[in-house]
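Some notes on the structure that comes next.
Per-chain residue numbering starts at 1, and chain names A, B, C, D, E, F, G and H are given in the order in which the chains are listed.
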Amino acid sequence: MIREHVRDLLERVANGELAADAALDALALDPVESLGFATIDHHRALRQGFPEVIYGAGKTPAQITEIASHIAARGTGVLVTRVSPDAAEFLRANLPGVELNAVARTAHVRGIEPPPRGEGNVVVVTAGTSDLPVAEEAAVTADAMGCVAERLTDVGVAGIHRLLANRGSLEQASVIIVVAGMDGALASVVGGLVRVPVIAVPTSVGYGASFGGIAPLLTMLNSCAAGVTVVNIDNGFGAAVAAARILHGATE
Amino acid sequence: MIREHVRDLLERVANGELAADAALDALALDPVESLGFATIDHHRALRQGFPEVIYGAGKTPAQITEIASHIAARGTGVLVTRVSPDAAEFLRANLPGVELNAVARTAHVRGIEPPPRGEGNVVVVTAGTSDLPVAEEAAVTADAMGCVAERLTDVGVAGIHRLLANRGSLEQASVIIVVAGMDGALASVVGGLVRVPVIAVPTSVGYGASFGGIAPLLTMLNSCAAGVTVVNIDNGFGAAVAAARILHGATE
Amino acid sequence: MIREHVRDLLERVANGELAADAALDALALDPVESLGFATIDHHRALRQGFPEVIYGAGKTPAQITEIASHIAARGTGVLVTRVSPDAAEFLRANLPGVELNAVARTAHVRGIEPPPRGEGNVVVVTAGTSDLPVAEEAAVTADAMGCVAERLTDVGVAGIHRLLANRGSLEQASVIIVVAGMDGALASVVGGLVRVPVIAVPTSVGYGASFGGIAPLLTMLNSCAAGVTVVNIDNGFGAAVAAARILHGATE
Amino acid sequence: MIREHVRDLLERVANGELAADAALDALALDPVESLGFATIDHHRALRQGFPEVIYGAGKTPAQITEIASHIAARGTGVLVTRVSPDAAEFLRANLPGVELNAVARTAHVRGIEPPPRGEGNVVVVTAGTSDLPVAEEAAVTADAMGCVAERLTDVGVAGIHRLLANRGSLEQASVIIVVAGMDGALASVVGGLVRVPVIAVPTSVGYGASFGGIAPLLTMLNSCAAGVTVVNIDNGFGAAVAAARILHGATE
Amino acid sequence: MIREHVRDLLERVANGELAADAALDALALDPVESLGFATIDHHRALRQGFPEVIYGAGKTPAQITEIASHIAARGTGVLVTRVSPDAAEFLRANLPGVELNAVARTAHVRGIEPPPRGEGNVVVVTAGTSDLPVAEEAAVTADAMGCVAERLTDVGVAGIHRLLANRGSLEQASVIIVVAGMDGALASVVGGLVRVPVIAVPTSVGYGASFGGIAPLLTMLNSCAAGVTVVNIDNGFGAAVAAARILHGATE
Amino acid sequence: MIREHVRDLLERVANGELAADAALDALALDPVESLGFATIDHHRALRQGFPEVIYGAGKTPAQITEIASHIAARGTGVLVTRVSPDAAEFLRANLPGVELNAVARTAHVRGIEPPPRGEGNVVVVTAGTSDLPVAEEAAVTADAMGCVAERLTDVGVAGIHRLLANRGSLEQASVIIVVAGMDGALASVVGGLVRVPVIAVPTSVGYGASFGGIAPLLTMLNSCAAGVTVVNIDNGFGAAVAAARILHGATE
Amino acid sequence: MIREHVRDLLERVANGELAADAALDALALDPVESLGFATIDHHRALRQGFPEVIYGAGKTPAQITEIASHIAARGTGVLVTRVSPDAAEFLRANLPGVELNAVARTAHVRGIEPPPRGEGNVVVVTAGTSDLPVAEEAAVTADAMGCVAERLTDVGVAGIHRLLANRGSLEQASVIIVVAGMDGALASVVGGLVRVPVIAVPTSVGYGASFGGIAPLLTMLNSCAAGVTVVNIDNGFGAAVAAARILHGATE
Amino acid sequence: MIREHVRDLLERVANGELAADAALDALALDPVESLGFATIDHHRALRQGFPEVIYGAGKTPAQITEIASHIAARGTGVLVTRVSPDAAEFLRANLPGVELNAVARTAHVRGIEPPPRGEGNVVVVTAGTSDLPVAEEAAVTADAMGCVAERLTDVGVAGIHRLLANRGSLEQASVIIVVAGMDGALASVVGGLVRVPVIAVPTSVGYGASFGGIAPLLTMLNSCAAGVTVVNIDNGFGAAVAAARILHGATE
């Protein structure tokens, strides 16, 4: 729909129905809605193929709810990450149809139509139980992006046979997201076992010289398994979006 | 072939032709060749679908050449990265059929059969001329992995219309590798323009507070464009392998 | 007035009405008022052209109020930054005429005469909604310094057309303050679009590898757009003072 | 001229003489010249009002010379920074009309017309003799940008009366660039003495806990004199461009 | 007294009254009193000339009180630093004769005899009001060590004449302790003005790129004024002990 | 027992009673029990000779209790570290037979049979009273691993004779664990005094430039006493396991 | 012999043959030999059971040779580490009986009697060929300390079956030294496979975000395999001494 | 003499012989001599009591020699630190009367009159032979400042009895400078043994996690011996000036 609108504008310029300057203004400003404290970009769904996403940290519950309501009103679906318990309560009360996930700290309002299906599946592998919130954020996001997400939990390398016992699951994955804190070594071992894309998420799980996730971040950036890519510490959301970029590309 | 060999071993155990212990030994040790200072893993081609790769830094020209010769002798192809000028000279003289690329600092001996073709193409985008060696390493590696690589050079965000002028190339890419030093901002802008996977490579180009590439590394890890993934500083090789993991997955 | 007082002192030395030592003492000590825990410098208004400013963090509500009262009593105006909610309550009750801004965390008592007007205007651009408190501190400070401040909110580079759609505002600015956390890439893009001074403020918005604002700080220091200058993380106040130094210079 | 060309293109679209797509292509690609390893942006002069600048580090002497020649051929003037002694020799031999400055490590070819004059003057203040290369880079750049640059050398705060003795020069400046390594304290003292814009450049002069310039960088970012802005370590060029942005703004 | 005891022991060994092993045991263990969770070293007063000091952070109020009581019982005086409000309450109730200082966060029980007087005086100079707790810790400690402490408050370098106006106090000091956060530049300026020992204490006052006091710590370590020495961030206590080491040395 | 089970499986493959694939599955999956949010590895006792250990941080009291109950049910004993006060309460109420240690922050359920005894003893040496929680974690862990642990408390190097007075205890130790924060210098002195293994544990005790334990960590890694090894900051548990690895090796 | 000498001294004190002061002097100074630029501690062999070791970096070839000659003259054996090629040449010419190892960068003169044999063996495992110099330093040192050293090379975790194929060697080791750069993940996997002490040596092999060995150092300090201990980056020597402390303890 | 000159100026103002402005100019500019690239401050000798000092790093041999010649011509003596071998050669040839010290990397021209004698002595203690250049810089500087310097070499804490054997020298010192790299632990032990001022100098001796001297710097800043002060890494010069400030204060 939006694509048609744009084509229409350009044709009207060609037909002399619209001045060049006016067309430029229309093109740029129309699908951007300003709330004063936020500028909603309704174009993004078109450009990137994702539902609109709100980063919840640093915004008040009221701000989150107002932005989410405006997006949901267009019917395109909206996902909120980093939802504090307070914000979750506020959203439950004020945003009809919201699905809250306390472990993943997400809030989700589905769009009128489901997102297009990505090809294949994502397997989210975690090194330990403490990594679950990040892994769950990844799984919820993947689902919101139209991708099938499976979970493989607590298979860190200190007990390597736990991982090897699950080699079957790994080999049937289209994309693997590895979530690990502390030494972050799981990404290298998984990266060496499979041929598919591996996205590593360092977590802030640990203490002392883990420095809030720097240790596994560096481990993963230096992975001796070639072709492992990395996202920000605790960024389960970003890893899932990266997986969706891959699986939706495979669809087309 | 190797797969058949393994199946054969296991069946001989089942038939009582081979003791369990003996089979385990055979299985593990056979395809690994020891040179004393190195343990070549001929299995890897099977496991990961890549030609064998040697990281040239920290190895002597003689060591590199000996490892490369043993691999090349199997006919599977071998790629050497971080080839110093000295090592390049030594390889040119002692490794028949080697292709040297001075900008990318690579040496390549092609296998008897070409690698399987990846689906689609990789576009390697660089922010500035000084980033070219890393970008070229990515392009050479992609080619060695059976992927088509295109180049888009010197389109950093300080002159944003240079990038926008090339939006067509970006939109036709299957995977985009963004190579940038200094502020590393190019990855965020590209990540916001396209829907396909974007792999960001920070480079050590810059001075002062770029801290040898930490600045663009952090920029890319914190990209406000969702789903951008990152590899190590100057790791053009790793970015290309990540791209190959995606494109070969799309093939299957 | 103060200038006259000083000239008078020096002339009395020349006339023999005042010993050299006595003049030195008078000159230095007169306009500095000591509260025991603080030394108020009433000279600064003369020297720098700004109202007096109090950095509120690390001071008790009572200390802030006492210092502010002494300054306000001279009629020169006073601005307090980093006002905690407790201090705000205390100031509201005890400092007549105070204007509080909860988002900017500022308290302001205007002087008897308005500050001299700076030439032109400051545009405060923010990458995201979470950057608003820092941007608002900049805008309030600019106003207190006699400068017109405009706001352009939530135009981060992940959706580059949101920014390009506002190119008009940017091009009519005299000075631009760019406030951004996470990747901080907005400063480079804006710096490349305009010819006027651009002052970049990294914010502590983000998580993980943003390291409390180090990531955008480094991005901005390494900006590939030449001539972008940077202030401390979250230092909206400092950016506005820098802008005022420019606009008041242009006045003269 | 370029502006007219663009207007012309858009009017031809309005007149039906040109298809929308064709106009877009023409608009973006025309003033960008590709050398394969570099994309020259002849538009930048228009957009930012500076001569074109080449960052010399990480480029070969031949690359620098080729880029510089293409720019110089347009008659708009070109400045090269971070010129190694080898590159300087090569440029001297191959780039007619080049002016080399060994202390500043710059190469400059002046444009056919001089750059427009900035209003007022820049005073470049250095803390010590070892900071001179960075200060000289700033002075040469300011000159290339059409600004008058004065120098005040070796007036660090350990002998505060050296600085106070030059208070007259400081008070007559339109913009001050403070270049200092080690403790970087000079920026705070100067910032407290004057009302005009102060741009601080930390240098890598020092040893041990100066960490290659991190110490003065942090000092300057935390300056207790409000409104001091900072550029990258050793970035004399950037400071001068920031000054030019201010002085040319004052012109208009 | 203790000295005599030791000499006595050694003479008894020489006289055959005591076996060598027994003497060694006696010598080492006698003046050390064990509380299970702490080993009190009553020797230290002899060895270093200071009253015993307890670092209060990380100890429970009960632990602090028990250790302090045992020391106070010997009559040698005891100083506790980093006393939390809870610990202060507990000490007030349970340690007779304790003097509490809420700003300095110290608790002090004076010994039966006053400490020997140090020669001369210490001047504690602070850059800003927020640095007062650290400065006060220094002043209280100096007093406990028998040194006269004077205070000079809120004379940071952004208003350099505030400092110059107090040059007299500085020139009459025997030792100067400079307490400053943010840019820490005050230490360099003071170090350049005087010939006496200058001990710099960086404070954690500031935000963003002050990194909890790293910025002024580095500034002070890199001071361009020769011979300025530095102690840990917020370590007013250590600076005062260093001053006492100097002033007591001068006494002898 | 488990060892026999595995041998049995392999013999059944050799006898044709079991297909190779089935044996592989059985081997890997049997002793791993999945709780959904955790994968318990009952094999580990066999592989490493330790009771199972749960890292309590980042897990809810309910999760900890459920995992601990499943392990305890097998009779092999379980140790929980980093037990928060809330978790301790929950465990006291819901895990029969648990032994809680508030200083060490541990919970321990002993196995049906005591662990095998390690040869010799571990001496846990602490620099100061504030290091006790980490030291106690080490001592409790050593006990759980079947090792005798002795404690030597508050013998930091600032009073070197306190340490020398205890040289006897040090010389009779089989392994020494040195627990120290702040300057961490104790490890080097102890390492120079004895010939047995020395394991150094840096603690986060300190402030300012101790950077949460980085200072003693670096001290210990750079120990001028050869052969001192180091574990993570505050990792008393890990140090004790390392000691147990040594003492149990000596047993065999 | 030295032990007897000391006992003799003490008995002479008990017998009145020697004054206490004189005995103290004799005891302390005798076995320490001063070369002006160095203080040789011939006692150390007694105290720690190792041959004397010289750290070669930062000493001139002449200094190294002079120190080594004085030690060798006593017949106790001497090991030099970090021997530069220049120093190696100088030692070869001037130190009779020296054994040089170019890969390990060591020089060794054996003592008159061989060192006492340690119980068991050390297995030195390396992740990659580039880690060999550090591993070889460990092996040479272990040999000099009387320990049997075996080598297992190039078995990094990216090809996990290379490691699993060598599980036999690992299980027969008394102590394992793991030498790895880049991601350092090998230590965690080995630590999970065996019950014996594991000493991890991070190496500076790698580039970019390995930060000269910080990445594997942090990985190893955060190892999820309990009881892995760590030494300084590239410190093969220290790891071997730690192993010798363990194996010699097991001997007694 | 200079003092008289200044008094004279002020009296002429009082007498009307000199205008106030003229006096100010005269006062400030007279004793400062400008060489274009340097501003020599002949006042400093008056203000601080030291000979003039030139920091040699980052200056050309010609620059150093020109500055040194101008100072030497006044007869006040000059000390150059960080003299490169090239600069040393140049100075030997062009600066009559220069004394060069290759280990300390200093050049010294003595003044016409010897500096005033400081009271007492400085003992410079080093942990190892590799720390000698820094220690020697301290000793040469102390001598140039009129202080007696003694040396105590290679007494690091790994062999604690080497240090204890020299306790006599330590106890007779007026000030102690401790020079140590690697773990830097020597400062804490010495600080605990003596009552006089202890100035700690971390050195860049070491490798890996010593991070160019950060490790001993942090150790020393966190010293558990109270009142130890610290100077920059490798700053033997600064430590000696700090000692001279103490010993000259004791003189007066």
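Throughout what follows, a residue touches a chain if its C-beta (ideal position, glycine included) is under 8 Å from a C-beta of that chain, and two chains touch if they have at least 3 such contacts.
Small disclaimer: the values here were computed from a predicted structure and weren't measured.
Enquirer: Are the interface residues of chain G and chain H largely the same numbers on each copy, more than half shared, or largely different?
Expert: Different-residue interface.
Enquirer: Half is the threshold here, strictly exceeded: which of G-H, B-G or E-H has more than half of its contact pairs identical to C-D by residue number?
Expert: E-H
Enquirer: Go ahead and note the Å separation of the Cα centroids belonging to chain E and chain F.
Expert: That gives a centre separation of 38 Å.
Enquirer: Roughly how far is chain F from chain G, centre to centre by C-alpha average, rounded to an integer in Å?
Expert: Between these chains, centre-to-centre, one finds 26 Å.
Enquirer: Return the distance between the CA-based centres of chain F and chain H, expressed in whole Å.
Expert: Roughly 49 Å, centre to centre.
Enquirer: Which residues of chain C are in contact with two or more other chains?
Expert: 47, 128, 159, 164, 192-193, 208-210, 214, 217, 221-222, 226, 232-233
Enquirer: Report the residues of chain B in contact with chain A in the complex, numbered from low to high.
Expert: 47-50, 53, 120, 174-175, 192-199, 217, 221-222, 226-233, 237-242, 244-246, 248-250
Enquirer: Please give the residue numbers of chain C that touch chain E in the complex, ascending.
Expert: Within the complex, chain C touches chain E at residues 28-29, 32, 34, 36-39, 41, 43-44, 47, 55, 57-59, 63, 67, 82, 202, 204, 212-214, 217, 232-235.
Enquirer: If we count contacts the way the header does, which residues on chain G are in touch with chain B in the complex?
Expert: 128-130, 132, 153-155, 159, 161-162, 164-165, 205, 207-210
Enquirer: Give every residue of chain G touching chain A within the complex, in rising order.
Expert: Its residues touching chain A are 127-128, 156-160, 164, 182-185, 188-189, 191-193, 206, 208-211, 214-216, 218-226.
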